[in-house]
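These are the structures, in structure tokens.
In the two complexes that follow, subunit A is the common piece, with subunit B as its partner first and subunit C second.
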Partner chain A sequence: MRRYFGRKLLIYLLTLFLAVTIDWLIPRFMPGDPVDVLMARAGSFAESTELMHAYYTQIFGLDVPLGQQYLNFWSALFRGDLGISVYVFPQPVAKVIMDAVPFDILLLVPAILLSWLAGNWFGAFAARSKRLDNTVLPLGYVLTATPYMWLAMLLAWALGIVLKIFPISGGYSYAMSPSFSWAFIGSFLEHWFLPFASLFLVGFGGWAIGMRNMIIYELEADYSHYLEALGAPRRLVRRYAFHNAVLPQLTGLALQLGVIVAGAVATEVVFSYPGIGYLILQAINTRDYFLLQGCFLFIIVGVLLANFVIDIVYVLVDPRTRTGMQGEAA
Partner chain B sequence: MSTRILKVLSVVVILSVFLAACTSATATQPAATQTPVIQIVEGTPQVVIVTPTPGPEAVTFERSETLYTGGTQWGPPTGFNPWNLGNYAMGTFGLCYEPLFIYDPLADEFTPWLAESGEWTSDNVYQVKVRQGVTWSDGTPFTGADVKYTFDAAQEAPVGISPVWDFLGSVDLVDDFTVNFTFDQALYQGWSYYVYSTPIVSKSRWETKSVEEFTSGLNPEPECTGPYVAESLDQTKVVWAKRDGWWATQALGLDPKPTRIVDIVNSGNNNVALGMVLQGQFDLNNNFLPGISRLVEGGYGVQTYYPGVPYNLSANTAWLLMNLTKKPMDDPAFRKAVAYAIDVSQIVNVVYANMVLPANPTGLLPTWEKYIDQAVVDELGFSYDPGEARQLLADAGYQDIDGDGFVEAPDGSTIELRINNPNGWTDWMESNRVIVNGLQAVGINAQTNFPDFPEYLSQRNEGTFDMMIANDAQIASTPWRYYLWMARNPIEDIATMQDGNYGRYNNQEVFDLVDQLDQVPIDDVAGMQAIISQLQRHFLTDMPLIPLWYNGMWSQVSNQYWTNWPSSAEGAPHWTPSSWRGYWNMTAIRMLTDLQPVEPAD
Partner chain C sequence: MTTLDATKPKKKNEILYFALRNNKLKVGLAFLLFFVVLACVGPLLTRYQPYDYIGPAAEPPSSEYWFGTTTFGQDVFSQFVFGLQATFLVGIVGGGLATLIGILIGFTAGYRGGVVDELLNMLTNMVLVIPTLAVLLIIVAYLEVRGIFIESIFIGCTAWPWTARAIRAQTFSLRSRDFVDLARMSGEKSLKIIFTEIAPNMMSYLLLVFILQFGGAILIAATLDFIGLGPTNAISLGLMMNNAVLWGALILGMWWWFVPPGIAITAIVGALYVTNVGLDEVFNPKLREM
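Take a look at the complex of A and B:
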């Protein structure tokens, strides 16, 4: 057991190191320079650009050779310093990300969990009913296959612009300052609904199809036929099929929860929702190396943690993993 | 033994997971919808982004007393540091920090603001009498020491106004309210820009700050001499609250009516802004909103500065820059042909639906009209004439050798040009297509090219572009700044200076004329005209860049809650109707003091 986890841990650390290195490299391959963008925004006193450009290049640590920049990056990282953002200069990257994370969590956790629950339930249910399978399931296919951008814009157009039920942009009303009050929570929920609904619909379709296919597969498996031959009631057979079918769905769920801090880029762009996804787009547009690095770092750590948790959960829920491990230890 | 325990344990875990999954299929759904609601309640306090004065109770702004503005901030506002030029919260300079003078570009006049007067007491000494009876919002009195400190500090910290020390010698206090600026070289034109563009900060508040706090500080609680103090800011907006005891109420009888000003960050989506203008959610919006002309004339309650064409004042000149270090743009005849090939009227009429004006061949903004030498324009100016363009090309030896419909250079090499503008700037992208069509029609093989903004910048700075659209020289007190932009030198430093002349136009005579112009006193209009006339001759002869149209000072206002907006109409206030950075100090602050609330009809 210890050897198993020891080896896993080593692999995870190695992956972390490589992923973070790539994370550092990628923004620097893009054409364009963050300080140029910062200076172009300053505008009115352009004659000071030369002076300020040199100064800020130094502040951002971009005046040293790339190798040195890479080493500085790691040493700053170990001190918990993610740098200063260019997009929202001069806020520290860590703070910018922390301000955005609550929006992601409040949007994505309910969307992922609810669509998982509802999708699996509905998929399992549909697998039992020919009529549902023939009518509603195709709708699930349409939902998952719809380009997300388009679906989200349709929702915004129909419910926001035509029916004027929901606001179409922002995280809460412009007439409010964030506060702990019912008025604010109401406004937050109003702005939250459309992004949530779009994510839920797409997720729901995917989970439902997955579950429906798995159930049909499991019902055709030998053990199901064997149980039936033994005269087990249909309910029992179906329950066993469901238990087996839900395993891969669990992995999928954990993976989705792992990338939660990545936000949902398309959703947040369409609805101008102030989460990490929105930040990633802005960071790319302003060549904000530091913010981009920070966002990706969060994603990397999230994915690795989720994988690690799945490893542990699998040891607990899937006997085959455990047997394999012990065979090794013996 | 342990295997059995594990097995039992795992069965329990599996069963519980499965049971949860099965029962949850029906039972937990209502419960699950509950959970996130609770999370939201708990999580809400974290949503508070940056609130200098976090109020525990909910604040909803009274609509009839609040002015909603938009169009300035392209990202979350990050504090109130007036030296953080591109990112300070809207209004930091203008509503809070104030200049010595405000400049009125429409009347070409300076109005004393924090200064009571300013005059040249000798050739190189400028004396400012500082206004008395002004207090900072933290209660300390404002004196000449603050003015001296502001300029002195810029010698230490690299900020926007630092280059003033290239020609400024010293700043001295004569008495508490008199400041002498002694210049090594009196550059009257250049200095005229600093007197209305420098935010004066409080010495007592800033002298303890480090250079880093000047250049990279947030300044979360700014001290203000202006009519508003910072109330709060978050990711989507900044909120200003009116303060009692603004000096101008007593001294000039000016009183801004809105008790709050809320500036909303651009959503990156013009349709959202347009919808908010139509719904009256914005009182003043300074975004470019395509098709606004139809709304102005269609009775939607939307107003612009001019009731008809061109609807907006002009804010800057859009040019086609050509890279003079590359062939064939190094040939003046070729550049001239390009100028004749562009149908600017199509850009103005079709792309902008007449929301902009075509540029004068000199590129000088309408507010600088008195500096245009019409004789030079008549002699050397250009207009859309594809026949003339073809003739110019043919005369200079450009002809189609290989029969592909496009001309080759006189040395036989093929010409393939790309015209850059940033991706997503849709009005420029459409204009770019018009330009490309014009060039192709006369046989020049040009294509549109839309790199994203940072790449557009690096191609511009490094001089690797062929042609590009740009509009960097803004409306200002002196046309000298316009020529300064076009004649930045030396050429080898363009990449690091990043302040104009990206086409690398190299003409020492022009550089000298621009330097001469800087030394002409600002009230010597004839002296300025004489030099500017020579400059116009050079630019129209060499044609290093092509002025195309005047970008508008986009401004759409709603009369639903506030009225008496700036307008060209007789009897209406003639101020710049813009919340953009650098416009409050160009009389936009007077727009606030002239606004009247609309009485609610009950």
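Take a look at the complex of A and C:
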């Protein structure tokens, strides 16, 4: 088990290292000088141009040797210094991101967990039942093939514009400011529902199909046939199949995290939901590269942490990893 | 002897036999064919270029403008058919490249084993946990001019890890089989063993992988385009949705602007998935429905 976690941790640390290096490399080694690019895009007045040029050169730290630049980048990172946002000007990027994080956590954690649980449960239920297989399964394929933003747009249009049940923009009513009052929580939930629903539905379809296929595979395995031959009740066989099928699904969750994050970004854009995804859109539109790089790092760290949590859960549910035998995720 | 001779030519026919009787495969391929034809023939049916301002703004679909017009009076149908072409291009180039890289790394790691395997596996696991979109975001944002082709290349370069991992596992199990040992003992080169002994036994699997990568590349491209990092010099289905949201199609109720691109992507990717399952059932006798 120590070996298992040791390997995992090593991979994650190396990945973080790689990600930070990419974050540092890209602005410096893409064609064109980042400062010039920023200046050209900023346009603006003559006297401010000079100031901005000096400011950006200093911020990028382009006046020192490359190796030193790289070390400086890391040390700034450890101080939590990600630069200053252009989009919300004098605020540091780290603070802008931290303001958005609660919205992401409250949206993503329930959407991911609930769709995974419900999808697996339903997929196992539908497997080898002719009627459900023929009705619900096609629906599952449609759902999992739907681009996140399109489902979000359809929901926003149908439930928000046509039926006027839910608001379609923002994380809470624009007339309020965040507080712990019932009115605010109500408004928050109202705005939360549609983004949650679209993330949930797309995920649900994928997990249900995955589980259904896994169960069928397990029911055809030798141990299932053996149990059946021994005269074990159907429910028992299916329970064993489920236990075995859930493990790859758990690995699948870890693998899918990147895709889900991408979907969440697009969904937040549709609903102008004040999370990281919406920040990314604003960063792209206002050419706020520090904010974009900050969001990139934040997403990577978030996904790495989530992966680590899944690893721990894996050890809890798969006894093989505990006894030193390498299980599925090794 | 006669029985042996009788079973030999049956092998190919058997696959065809099950392929023709597999409804999933038939439905999936029919949908795909429909959209491929539409992408090829569509541009001939329209007189407009995707970004031309050709008529009244925000017109609902009519006999003149089949899918209506945008807020600026651009023809949605033209944008749609040209966007379809872009979608297939991304799928083929991005999905193809991802499959190719995955195959190369998977074969090498699985066949070589040892240190090479350790290193490649580490690389795979690292790229695997980095969210593709985040990397593309940071690379693409710094590109001044973006084409669909470049976008596809970037997608291909980031989407390969799960393929490499799966193919590595398969190669690993094939490498210790008797027929591979025999080839090795008779002194064949590694490369030849991989391509004449191992690859043919995984052909069906490689086809399935390519189909999944194809669909995945389309979805990633749509997401990138949607958040404003799409091609700067062309149209795509994701870009259509991006424009629709940006210019208030939701609030103005202009459903004809954002519904067609979404339907097309969903139908194409869904058809790919269904085709994939259908083929899986054709190739793998255990999964055939009884």
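Rule of thumb we're sticking to: the second predicted complex is superposed on the first by the 237 of 330 C-alpha atoms of A that agree within 3 Å, B and C clash if a C-alpha of one lies under 4 Å from a C-alpha of the other, contacts with A are read in each partner's own complex, and residues count from 1 in each chain.
The rule is simple: a contact is a pair of C-beta atoms (placed from the backbone, for glycine too) under 8 Å apart; a residue touches a chain by one contact, two chains touch by 3 or more.
Remember, it's a predicted structure, so these values are computed and weren't measured experimentally.
**Student:** For A:Q58, decide between first (touching subunit B), second (touching subunit C), both and neither.
**Tutor:** So A:Q58 meets neither subunit B nor subunit C here.
**Student:** Tell me the contact category for A:I22 with respect to subunit B and subunit C: first, second, both or neither.
**Tutor:** Only subunit C is touched by A:I22; subunit B is not.
**Student:** Check whether A:E220 is in contact with subunit B, with subunit C, with both or with neither, and answer first, second, both or neither.
**Tutor:** second
**Student:** Taking the superposition on A as described, I'd like to know which of subunit B and subunit C A:F296 touches: first, second, both or neither.
**Tutor:** In the superposition, A:F296 touches subunit C alone.
**Student:** As a test of reading the superposition: which chain, subunit B or subunit C, is in touch with more residues of subunit A?
**Tutor:** So, of the two partners, B touches more residues of subunit A.
**Student:** Which holds for A:R239: it touches subunit B only (first), subunit C only (second), both, or neither?
**Tutor:** A:R239: touches subunit B, not subunit C.
**Student:** Between subunit B (first) and subunit C (second), which does A:Q282 come into contact with in this model arrangement: first, second, both, or neither?
**Tutor:** first
**Student:** Let me test your reading of the model: by the given contact rule, A:L106 touches which partner, first (subunit B), second (subunit C), both or neither?
**Tutor:** The answer is first: A:L106 touches subunit B but not subunit C.
**Student:** Check whether A:I168 is in contact with subunit B, with subunit C, with both or with neither, and answer first, second, both or neither.
**Tutor:** Both subunit B and subunit C are touched by A:I168.
**Student:** What residues on subunit A does subunit C touch that subunit B touches too?
**Tutor:** The answer is residues 30-32, 34, 37, 161, 168, 285 of subunit A.
**Student:** Under the stated contact criterion, what part of subunit A meets subunit B in this complex?
**Tutor:** Those in contact with subunit B are residues 30-34, 36-56, 59, 84, 87-91, 99, 102-103, 105-106, 109-110, 113-114, 117-118, 120-121, 124-125, 161, 168-172, 174-181, 183-185, 188-189, 192, 239, 242-243, 246, 250, 272, 274, 282, 285-287, 316-317, 319, 322, 326.
**Student:** Could you pull out which subunit A residues touch subunit C in their complex?
**Tutor:** Touching subunit C from subunit A are residues 11-12, 14-15, 18-19, 22-23, 26-27, 30-32, 34, 37, 141-142, 144-151, 153-154, 156-157, 160-162, 168, 209, 213, 216-217, 220, 254-255, 257-259, 261-263, 265-266, 269-270, 277, 280-281, 284-285, 289, 292-293, 295-296, 299-300, 303-304, 307.
**Student:** Would you tell me which residues of subunit B are touching subunit A in their complex?
**Tutor:** Touching subunit A: residues 3, 6-7, 9-10, 13-14, 17-18, 21-22, 24-26, 28-29, 32-33, 35-36, 39-41, 43-49, 51, 55-61, 63, 66, 68, 74-76, 78-79, 81, 84-87, 158-163, 197, 212, 215-218, 232, 234-237, 239, 262, 264, 267-269, 272, 275, 281, 451-455, 457-458, 461, 472, 474, 484-485, 493, 496-500, 581-582 of subunit B.
**Student:** Within their complex, state which residues of subunit C touch subunit A.
**Tutor:** 122, 125-126, 128-135, 137-139, 141-144, 162, 215, 219-220, 222-223, 226-229, 238, 241, 244-245, 250-251, 253, 255, 258-259, 261-262, 265-270, 272-274, 277, 286-287
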